[in-house]
Every structure is written in C-alpha cells, then in structure tokens.
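Have a look at these structures, which come just after this line.
Two complexes, one shared chain (chain A), two partners (chain B, chain C).
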Partner chain A sequence: MKDINIVIEICGSAGEGTISAGEILSRFMSSQGYEIMSFDSYPAEIRGFGKCVAHTRISSSVINSPGKLADVLIALNDGHSISQLSALKKGGILIYDSQPAKPHEEDKSVLGWADPSVVSYGVPLAMLAQKAAGNLRGRNMVALGAIAALFDLDREGFTDSIKARYAKKKQIVIDSNVNSFLEGFDWTKDHIEKKDTFTFDGVSLEPRGEKLIINGNQLVAQAALDADLKFYAGYPITPATKIMEILSKELPGYGGTLLQTEDEISAIGAVVGAGYGGIRAMTATSGPGFALMTEFTGLSVMAEVPAVIVDSQRGGPSTGIPTKTEQSDFNAALYSGTGDCPRVVLAPTDTASCYDATVLGLYLAEKYQTLVVILLDFFLSNSIRNIDTPKKPGPQMLNANVNPTEEDLKDYKRYKFTDDGISPRAIPGTPGGISFYTGLEHDERGRPDYSDKGHLAMSEKRYRKHASVLKEAPAPVISDFDGDRADIGVISWGSSAGAAHEAVATAKKEGINAASFSSVMLYPFPDEALIEFAGRCDNILIPELNFQGQFADYAQGVIKREVTRLNFITGRPMAAEDILDKMREM
Partner chain B sequence: MVEIQSKYLDEKLDQVRAMDFLQYRSGDLPTWCPGCGYFGIMDAFYKACRQMELKHENICTVSGIGCSGRTPIFINSYGFHTLHGRSIPVASGLKLARPDLTVFAVAGDGDALGIGGGHLPHVARKNIDITFILFDNSIYGLTKGQSSSTTPYEMKTNSHPVGNPDSPLNPIRLALSYGASFVARGYAGDPEGMKEVIMEGTKHPGFSFIQILTPCVTFDKSNRTWKNLKENVHPLRMSPEADNMETAMRAAENQPFGVGVFFKDKDRRSYQDILDGLNA
Partner chain C sequence: MPANDHYVIIGNGPAGNHAASTLRDKDKDAKITIVSDEAIPFYYKPRLTRYILDEIDAKDLMVKQLSSYSDSGIRLRLGQPVDRIDPDSKTVFLHHKEEIHYTKLIIATGSRARVLPTMRSYSDCLKFISSYDQVMEYKDDIKQAKRFFIFGGDLVAFTFVRLLSKMNKQVSLLIYPNAFWPFNLNEEMEAAIAQSLKGLSVDLLVKDDIKAIAESGNGYRVRTTKGKELNVDMVFSFNGLIPSVEFARGCGLDIDHGILVSETMQTNIPDIYACGSCAQIYNPDINTYTTSIGWPNAVAQGEVAAMNLLGDHKVIESAGRKYFDLEGVKVKTTWWEDIEERA
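So, the complex of A and B:
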C-alpha cells in the first residue's frame, strides 16, 4: 500500500487567514482518514503583522511527532516566508503569489530566496481571490484550492470542510471562501503543469469512525468536566488561558463554579478551599503563575487537601517566552517550595493522553488528599490532533474520597496513621467528623505537634502515601527489544516522548538496535522499571526541551550512571529527526 | 507566644464551664497570653454561634497565620489554619464550593492588610458570602512585636525601635472603599457588642467585614492597651440604619474608637446569587 507522510506549512502574517487555512486543511485530511498533527506558531504580540505559520503533518499511518522540515511551503506573505524557507526540505515544493496586489520591493520575493532544488508554483492568489469574492481576503482559500488541485484531493469534499469551518458565519462569508477555493482549484488544474510527483491519489485508507479534531487544552477542559470537576479558579496566562475560557462557558452547565481571581495565589487558595469543602477543584497556569502558587503546594501536601494544578510550560525562567514551548518546569513541578514535600506529578505524552492524565489527576488528588501537578507545554496545549473520542471515566474514578467509617467517626482522627498513608477524610458538614486542618506539623488529630517523633512519623506517613500512588500509576510505555539488549535506550517524558518513540522505531528500521521508554507518571517515578530498562541498554539518550537536562539529572540519580543528553530550547517541539540524528552519531 | 499559666486557665474554665455557649469551645485550651484580647473575641464568637443555633458541623472557620491564626483550633467545629495572609482566598473557594456551610475567615492585621492585603478588595467587590473578622491589635503578635499595617506612626516597635516611619491604614475606610456590603467594628472588651455585630454580619448575605479593636498585652504597652481602649471606645455616633456611605466614611475618619455597624447594603446581591442569576 502506498504510504503518505507529508508536512505542509502555510506562512503568512497575522490577519491573512493562515491559521484558519491550516485548520481547514487538517479537518479535511482527517475526514479523508489521514492522521494529522498540526501546530501553529504566531507572534507573542497580539496586534500587528507578525509572522504566522500553520504546520500540518499528514500521514497514512500513526504519527507521534510533528515532523521537523516541511515538504510544502505555501507563502501567503513573501516577507515572512523568506525566513521560513530554512524549514523547507531540499527539493520541497513552494507555492507563492505570482501576482501580488502590491509589487515586491527588490529582494523581497520568496521565489528569489528559494533553494534551486525547490519546485515552485506561482499562483495568482490575490487576483483569483479578487475575482471570486471581490476582495483579497480569500487568498488563503485560493492557496488551498491550488494544493488540492496539485495533489489530487477531492474538490467537493474539500468544500464541505470549508463550509463546516464557517458554518456559524453568514452565507456570504461561506460563499466567498468556497468560491475562492474553487477558483484556486480550477485555475491550477487549467494552468499549472505539474513538475513534482507527489499525489494523494491511489491511497486507500481504512474508513475510520468520526474523529475529534482537538488540542490538549480542550481535552484537559473536557476531561475535567467528565471527571466531575465542580470548581475552577484561575488567572489568565498563555498558554493555559484557553482552559479557563472553555470552562467558564461549560462549567455552570455541569453545576460547577468558575472564579477568576486577582492573582494565582488567590486562585490556588480558592482551589484548596473548595477541595477542603469536598468537591473537585483545579486551576491551570504557566511558569510565572506556578511560581506564585508555590506556597499553597506546600499547604496542600501538609494539610492533606486535594488540589490539581495544570502547568502548561512555556519558555522560562521568569516571564520568559510566552508563546514558545519548553519542558523546563520539571524541577519546579517536583521540587518547588520548601520542606520535604511529596506531591504527584503527571505529564501527558501526547494530545490524547491530556484527557487521561486530567481524569487521573483529579482522581489521585481526591483519593490521596494531595497536590497533583499536570505538566503540559505550549505544544501539547495548542497542537491539534485527530483522535478517537476518549472513553469517559467510570464511577470508580469519580468517587475516590476515602470516607471515614462509623467506627472512625466515634473517635475521629483527621490524620490517622494507616498502612497506605491515606487517612479517612470527613468532609466539612459531616456530623462526628469535626476536625482541624493545618499547615503546621501536627498529630493525628491535627493539633500542632513539633516533637521530633511526631514530625518523623507524619513525614513517613506522607511519603508512605506518596509511594502508594505508584500502585495506581499507568505503566511506562516500553518498546520491544530486539533480543535481550539494546545499544541505545531512549528515555523521554512529556511532549518529547512521541518523537522519541518514533525515532526509535525508525532507527530500528535502519538497523540501529534501540529501545525506548517513557512514563506519564513523573513523581513518584517508576524507578524500578527505569532501572530495569536502563540495565538492558548500553547507552542511554535523554532528549528534552530544556537547557540543563532536568529529567536527565533525575534519571542519572536513579540509574547511577552517565546518560547522553539532547537538549533544545529553540521553542520548537522535539522532532523525531533531531533524536535520530543524535542516535546515528552515538 | 508567651507561656500561659495553667492555674489561670483552670480558674477561667471553672467560671464558664456551666455556661451553655461553651459547647462551641473545643477541648483545646487557647495558648494565648493571659489577658490577650483574643479571649474576648472567642467568647463573643461562641455566644453568637449559640444564639444563632448554628450546627457545629456546618461551621467552618478559616484562618491565616499569627496568634489569630490559632482561632479555629479552639472552636468545636470544622477549621482550617492556612497560610499567612491567605484565609480570604481559601474561605472564598470553600464558600463557593459549599454554599450550605457558614464560613468565617479570621486574620490578624498583618495577615489581612499586609501580606494578604491584595485579596481584600476583590472579596469585597465580589461580595462573596463570608464573615471576615479582623483581629486588629495593630502589631505582629506571633513574631513578637514588629510594626504592622495598623501600627501608629512613630510608635516604637521591635522592628522600628526609634519609631514607626509608616503611616497606618484605616481598615474601616478601606473596607468601605473596596465596596464591602457590611462593615462594622467591635471591641474585645465588649463581648455582647461583638456578639451582636458578628451575628448581624453572619446573617448578612454577602461579604461582611468586622474589625475588632483588641490589645496585644505582651507586645504593645503603649498604644492599643486595655486602658486606652476602655477610656476611648464608645458606641458609634451615627444613624443605626447605617445605609449611607458618606456618613460611614466620615465616621471611619472621625470616630477611630466608635463601635457598631458603619455600613450595610441590604440590597446588594451575594456573589453566588449573581452567578446563579447570570447562569440561569
């Protein structure tokens, strides 16, 4: 069977419809049964004419990473596209506006800058848009028409995707877009002589059920609603804001409350208050907000109150780079704050697992009466996949509080010592469960207790509870070994895991004896599995999107040997190609 | 906190053991210094709970850190001793999560107006239905006598031994300008009066701000002492209707020792009520 694996980039300036063109392309390719992964980059400044890129990978088989270089570049804006040429493969395809509305200044035509190996097609985007709709707005649709014609995509099917995208708009908007697309399609069929060999023709894909086209932030919000979230407090921050905005619309319909607070201290404070009240509560933020929440992370752990924080990582430290992806909050998530403070940290490894991690996080927080941090990043928050509709959580995931028995309530001890460290929790309002919570060190009844024995016993209890969490952790994903041992073992986490697994699969085809390991559960970490895996690998490679190798430091401490690090802080997501290049060197 | 004499406490306990409102007292004995104004606040609190016949398990008291932070442990009800300055956010989340509970937030002057000062305007303008009691002794008690946001100008404290260079905040005026819908003041030496404002504040559907003038007998020997308070405290000289913002502001300015209700806005809807309306 013919395999398709192509990356198409659309590059324009803000306001040219770059992102919506990418969205329609994804929607259509998904409807045709392809796997898609798309990722937009846009300027941090909201106003102005900054550069936008819609990056879409389309494949006939499973994909786990966004792909590094583009096969096709559609230049809606020549100036910006010149700087995007470096991301176009040698021998790639360039589509540009052959009759721009304003003539280019000298040296500002993208065509002039393209590598000689590039196959280029000039399409009069502006002229055709003008013809189709009487204005230039539809240039993006004309460009989509051009690639649909060039690559033999279904003319009518594509228009359906355009109509679906603008379904809520006025008829004139729908018509202008559809007509611009058709104009581009027909003109290209009539006037362009195909010089490349790429086509979607002749691919037969298994028909698949309806797919959700969705990003990580949307899935976190949906998962929270499905997992009985009843309270959300937050303060806006890129790239987490969308979670709050979705929930502000949806939560009241689910009988919940949303509170926009004056700052992130107040947000996590309110979440802790609501968690103390016995309902499921969470907040979402990014680096600067997470820094402010630190004092409450300690209180949640010490007073044993459920709380969930989603931290969508961006470039740091400090205000850092708001619209670039990074995995540099690993240390902060595990170790922020003071004292011996065991909390749970989960990091979904792809879009779909954002849903599962959120459901699991709310469950673990409630059952283990502790803080759960869910680490997303800019890429996972915003990149779009087509996935199967996630399975909703069952009742055992929704009612996790360990309630006190009648026996417990006869002489209720809020912080009772138990084997697994979980003390039955009486929710305020429970007769007989009256109790005192505190962030001071305390005895089983919650009374302040500064004795050395007491502090030790309570610390042991908290760590015992932490260790118990591991029993409910999703197992690490470990690839098959070819034989007993591998030359290279790639260990990854978060959004880099997809690229790592993909790189290992490709490496194996090239004859490199490799294996891969990733875990959603970061803290407590499945150390035993890690030690066993590392024991079977001659070399260990840890790719991650931070400067220090924060996870590599952790892993080295566990496996007690040096690892090879691959660190990027370019703001781009990890690409399988990056890891492969490193593996070939090793 | 200074060591307390158990003999003193035993006597005190005997005196009041017969009294019914003591059912709201927990088994834990307050660890405050003998003579601290906070004992009076507790008495008023117990009495208010008794008179309103609140169910023990439906009361939640959220505190910050400071001598005042210990309050919930002395109440026979649910309590949460949180972080320095943060009783308001936690109490807000709790109340929105559990509208069925009666939620009190307590804080010291350092707690509420210093480190946690950023939360007060927002809980007031949102009008979240919690009763907030400010234990205002105009000093940092727990950390032993440093200047707070209500310490008078030029007063000598352990952090400003030659005199406080900062001007004090006026908590009543702040609460009024933040838009609190119920603003009152009580005096730790007047449990009956405090009981009345606590009850009125608790019944008020929205954010109630109650400042209590109370002495720190250990670290303030010159300013907010029992003697000074006794000599100066008087019932507020204004209309008991307390529905005029201008009058309230003037009283806040001119009657620093006036106790009673400064302002109440009976028609203002609570945050929950507003949300329910918007989402209906």
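So, the complex of A and C:
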C-alpha cells in the first residue's frame, strides 16, 4: 500500500492568515483520514509583522514527530520565506506569489533564492485574492486553493473545512474566504502544469472514525475540567495562556472558579490556599512564571498541601525566547526551591498524553498531598494532532483525598507517620480535624519542631511518598529489542520522545540494532527500569532540547555511565531525522 | 574590475554556461548570476529526442551537477522568466516582479521552435521538440502513439525519425526543401537522406505540401496537396528555430530575427553582449548579420562574449563551425556561405 508522508509549511507575516491556513489544511487532511501533526511558530511580539510559519506533517500512517524539513513551502510573504527556504528539502516544491502587488527589490523574492532543484509554481495570489474578495486578505486561501488543485484534493471537502473554520464569523467572511480558495483552485487547474511527482493518488486509508483536532493546551484544560478541577488561579504567559483562556470560559460552567491574579506568586499562593481548603486547584505558567512560584512550591511540599503547576517550557532563562520551544526547565521542575523538596514531575510525551498527565497530576497531588509539576513545552502546548477522544477519568481519579478515619480523628495528627508517607488529611472544618499548617519543620501534629531527629523523620516521610507514587506511575515505554541487546539505546522524555521512538523504528529498518525508552514520570524517575534498559544497550543516546543535557546529567547519575548527548536549542521541536542522523554517526 | 561587479547571464544553455565559467575563471570576485526561464538545469538539448524515447536516462541528459554552480560561486536562477531589460538603469525585470541590477549583461537565450506562417492555423495540432518542458508534456503520448506525421525537417528530425522507426512506429516524413533549416535542401542532400532512411519503415514525401490538418478521433487527418490522406496519432513540426528575444525588444537593442552583435558579440548598447542562437553576428565578408547554430558554436560564442565583457577583444570565427555531419553527409550550417557562393 502506498504510504504518504509529506510536510507542508506555510510562511507569512503576522496578520496574513498563515496560522489559519495551516489550521484549515490540518482540518481538511484529518477529515480525509490522514494522521496530522501541525505546529505553528510566530513572533513573540503581540503586535507587529513578524514571521509566522504553519508547519503540517501529513501521513497515511502513525506519526510521532513533526518532521524536520518541508516538502512544500507556500510563501505568503517573500521576505520571511527566504529564510524558511533552508527548511525546504532539496527538490521540494515552492508556491510563491508570481504577481505581487509591489515589485521586489533585488534578492527580496523567495523564488530568487530557491535552490535550483526546487520545483516552483508561481500563482498570482494577490491578484486572485483581489478578484475573489476585493482585497488581499484572501491570499492565504488562494494558496490553499493552489495546493489543493496541485495535489488533486477534494475541492468541495476543502470548502467545507473553510466554512467550518469560519462558522462563527459573518457570512461575508465565510464567502470571501471560500471564494478566494475557489479562485486559487480553479486558476491553478487551468494554468499550472504539474511538474513535481508528488500525488495523493493510490493511497488507501484505514477508516479512523471521528477524530478530535486539538493541541496540548486544549487537552490540559479539558482534562482539568473532566478531572473535577474547581479552582484555577493564574497569570497569562506564553505558551500557557490558552489553558487559562479556555478555563475562564468553561470552568464556571463546571462549578469552578477562575482567578486572574496580579502575578505568578499570587497565583500559586491562591492555588496552595485552595488546596489547603480541600479544593482541586491548579495553575499554568511558563519558565519565568515558574521561577516566581518557587517560594510557594516549597510550602506546598513542606505543608503537604496539594498543588498542580503546568509549566509549558519556552526558550532560554529569564524572559528568554517566548515563542520557541525548549526542554530546559527539567532541573527547575525537579530541584527548584530550597531544602530537600520532593515533588512529583510528569512530562507528557505527546499531545494525547497531555490529557492523561493532567488527570494523573491532579490525582497524585491530592492523594500524596504534594506539589505536582506537569512539564509541557511550547511545541506540545501548540502542536495540533488529530486524536481519538480521550477516555474520561473514572470516579477513583476524581476524589483521591485520603480522609482520616474516626479513629484518626480521636487524636488527630495531620502529619502522622505512615509506611507510604501519606497522612490522612482532614479538610478544614472536619470535626476533630484541627490541623496546623506551617512552612516550618514540624512534628506529626504540625507544631514547629527543629530537632535533628524530627527533621530527619519528616524528610524521610516526605521522600517515602516517592516510592508509593512510582507504583501508580505509568510504566515507561520501551521498544522491543532485536535479540537480547541493542547497539544503541535512545532514552528520551517530554516532546522529544515521539521523535526518538520514530527514529529508532526507522533505524531498525536500516539495520541499526536500536531500542528506545521514554517515561512520562520524571520525578520520581523509574530508575530501576532505566538501569535495566541501559544495561542491555552498548551505547546510550539522550536527545533533548536544552543546552546542558539536563536529563542526560540525571541519567548518567543513575546508570553510572557516560551517555552520548544530542542537544540543540534552535527553537524548533526535535525531529526523528535529527536523532536518526546522530544514530548513524554513532 | 571592482569586486562588486555583477555579471548577469540570461540563458542556461551552452553559450550562457560557458560564458559564466569563463567569467568565473577570469574574475574570481565578481557576482555571477545565470537566469533561465526553464526550470530544468543545464541539459543537452540535442539529446532530447533520445531522452523522450528512453534511449538515455535523466542523468545522461544533464550536463552539470547543480552543486558545481554553488561550488564556483555562480548563482543559478531557474524557472525565472525575464519580462524586459532596461539598459539605462541596467536592470533585468523578472516575471515574478523582482528587479536584478547588473554591471554587464550577456544574453544567451537561444531559440525556440519556429511555426511556419502557413501552419499557424494548425498550431494546436502540432508538436515540437525544442525544450524539455515542451517534450515532457507529450513524452507518454509518444510512447502510446503508433502513427506519426513529421514535416519540415531539420537536424533533430532525423534522429527522431530513426528512433521512432526503431520502435516500429509508422512514420511519414514530408521534407520541405525551402524550409530545411538552417540551409536549403539540395539534391545531393536529398539523395543522402533517402539513402539514410532506406531500410527504415519511413514513408518519405518530397515535393509535396500540407493542404490541411484536422482533428480526427483521438488523432489527426493530414491531407497533402498531392491528394494523399494520412490518419496519424501525432504531428511533429521541424522547421527550424527562431531566436528567443521577445523580452529584449523595445529596450533599445538592435534586433532583426536575433539580437545584432559585432564579431566581438557586443550589441549596440554598451555592457550588453549576446551569443548563441539568439544572436545574429555581423559577418564583414558579406556585410550582413548571420546566425550560426549548434553546440560548439554556442560554446565558442559564450567564451568570446565573456572574454570581451572582461575587456579583451576577441573576434568570433565568422562562419563558426561550418559543417555538421548529417547522416554521413557533411552539410554546411551557415546559410550565408550559400549567399557567398552565389555572389
């Protein structure tokens, strides 16, 4: 059966409808039964004319990474698209505006810089948009029409996807977009002679049923609602803002409350306060906001109050690179704050697992009365996949509080020592459950206790939770070994995991004896499984999107061996090709 | 020359490419750009017939690796037609509305298939073999077709006829004595052609003409003035080439059929040179401008144009390479020599 695997990039300036066009393309291809993974990059500035790229990978089989280079580049803006040519494959396809409204100065046209191997199609985007709708705004739709015509895609089906995208807009908006698309489609059919060999013909797709087209942020928000979140406090920050935006609309309908605070310190303070009150609560932020929250994260752990923080990582320290993806908050998530401060850190490895990790995070925070950090990144937050509708959490996941028994309440000790480290928690107002909460080290009743024995015992108690948490953690995903051993073992986490598993699968087809390992549970980490896996591999490769190799440092400490690192911080997500190239070098 | 000179060459054939490589050899620092309306890299045009009939594969059609351009610092702009040039501002205007500024310009755009004036009303029925894009349109059709009508006759036609015949296709070949480009057909050549086609299943028509061509079913019906009626699948015209210089008209360049140049390939406008089959070169012996075709002539002219652009004063051999080997018969490629002989 013919396999389709194509990456289409649309590059334009902010305000040119680049992202909308990418979204419609994804929506349409999904409706045709293809797997899609799309990812947008856009400027950090809220207003302006920066570069936007909508990157969409379309496949007839399961995909786990976004693809490194594009097969097709649609240039809505020549200036921005010139720099995007470096991401277009040799022999790729370029669609450009052949009759722009204004002439290009020398070296300012994308066609002028296209590699000679590129197959280029000039389409008068501006002219056709003007004809269709009386303005230039529809250039993005004309371009979609051109690509649909070139690849012989369903004209009516595409039109339906455009109508669905703008369903809430006025009819004139829908009409102008549809007309621009049709103008581009018909013009291309009439005027362009296909010179490339790419075709969707002959693809036989398995019926996939209804799919949800969704990104990680949307899934986090939906999971929180489904997992009975009742309080959210937050301060907007890229790339996590969408979570708050969705919850601000939806949470009241679920009987919850959303509070926009003046900053991230207040947000986490409010979340810890709500957790103290026995209410499921969370916040979402990014690195700079997470840095501000560290004071309260310590309180959550010390006072044993449930709190959930979603940290969608972006590039760099401080304000950094707000709209680029990175995995550089690993150390901060595990170790930020003062003292020995055990918390739980989860890192979803793909869009779908953002849902499961959020449900699990709220559950674990409540049950283990501690801080849970859920590490997303810009890519996971924003990349769009078509997935099966997630299964809603069962009742056991919706109320995980370990309540004190009547016996406990006769002589209630809020921080009673137990084998699993979980002390039955009396929600304030529980008769007999008078509790003392403090950031000071304390005894079983919560009263300050600075003794060495007391501090050691409480530290042990807090860390004992880790062993218990691990028992409830999702098992690591480990690929099959070809035989007993592998030449290369690839260990990954977070959004790089999909690329790693895909790279290993491809490497095996090339005859490289490889295996892969990834874990959603980052802290406590399934060390035993890691040691066993590494023990079966001659070489270990750890790809991650940070400069230091933060996870590689951790893994080396566990497996007591040097590992090969693959680190880059270009702002784009890890692609299977990146890892595969490194494996071939090893 | 200052380091920031920009030499722009319009045309990616033998003349343009040899001009570019000569310029690069002699001037390591200049910016050199080749602009071509064809999207395909530099290829052996004479091999097109063999390529479309699968006698050779794509790699044998190509002259150079694309990497050789970047390695030598020559920028190759493919699939970028030129709309016009403005010698006053030294600007080349590309069809996609980009403006390129040059310090010196070489025009080497070659030529395209000529449609005889009497055949223009049938142009929708005619096929040509003069560019890659053109032949790729009907490469598959040629394989499927069984009956061919070929008229006119130039050097490419004979290769095509022989290949079709080898593929057991039915071929009718009508030779136009007065349109046998680039020279007139004489009796000696006619006999040589008949001899060379002997043994092939080719129906040779001479001293006849086309009266009408009409679509008929999936093919065409060709009627000749001698009353012959032929039902064929494809009709090919081989009636020579005309220089591709439309974009240059109206900018002040002296143009007849091609761009008029001196023996040094210099046009009437300073800093603009023309070479290859788009140019008509002044021949002082007969005091007129003539065109010479063929790969070796184009190469020689490209080199001369480049050398002179850099300040040299080389003169092209007036008759270029004089002879082609046509089916074992040496034939002249320059019609002015017939004029010369008649004089």
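General observations
Everything below uses one rule, namely that the second predicted complex is superposed on the first by the 586 of 586 C-alpha atoms of A that agree within 3 Å, B and C clash if a C-alpha of one lies under 4 Å from a C-alpha of the other, contacts with A are read in each partner's own complex, and residues count from 1 in each chain.
Assume contacts are C-beta pairs under 8 Å (C-beta built on N, C-alpha and C of every residue); 3 or more make two chains touch, one makes a residue touch a chain.
Every value quoted in this text rests on a predicted model; they were computed, and no experiment measured them.
Superposition model on chain A: chain B and chain C are shown accommodated side by side without a clash. In the superposition on chain A, A:F436 makes contact with chain B only, not with chain C. Number of chain A residues touched is higher for B, counting chain B against chain C. By the document's definition of touching, of the two partners only chain C reaches A:P116; chain B does not.
Of the two partner chains placed by superposition, A:K582 touches none, neither chain B nor chain C. When the two structures are aligned on the shared chain, A:P252 is found in touch with chain B, with no touch to chain C. Touch criterion not met for A:K131: it reaches neither chain B nor chain C. In the superposed model, A:R464 makes contact with neither chain B nor chain C. When the two structures are aligned on their common chain, the gap between the nearest CA atoms of chain B and chain C comes to 55 Å.
Once both structures are placed on chain A, no chain A residue is touched by chain B and, in the other complex, by chain C.
Considering their complex, residues 230-231, 233, 252, 257, 259, 261-263, 265-279, 281, 295-296, 299, 303, 428-440, 446-448 of chain A touch chain B.
Within the complex, the chain B residues that touch chain A are 26, 28, 56-58, 60, 62, 72-73, 76-83, 86, 88-98, 100-101, 118-119, 121-122, 275, 279. Those residues of chain C that touch chain A in the complex are listed here as 39, 41, 66, 69, 76-80, 93-101, 133, 136-137. Residues of chain A that touch chain C in their complex: 96-100, 102-109, 111-112, 115-117, 119-120, 122, 193, 195.
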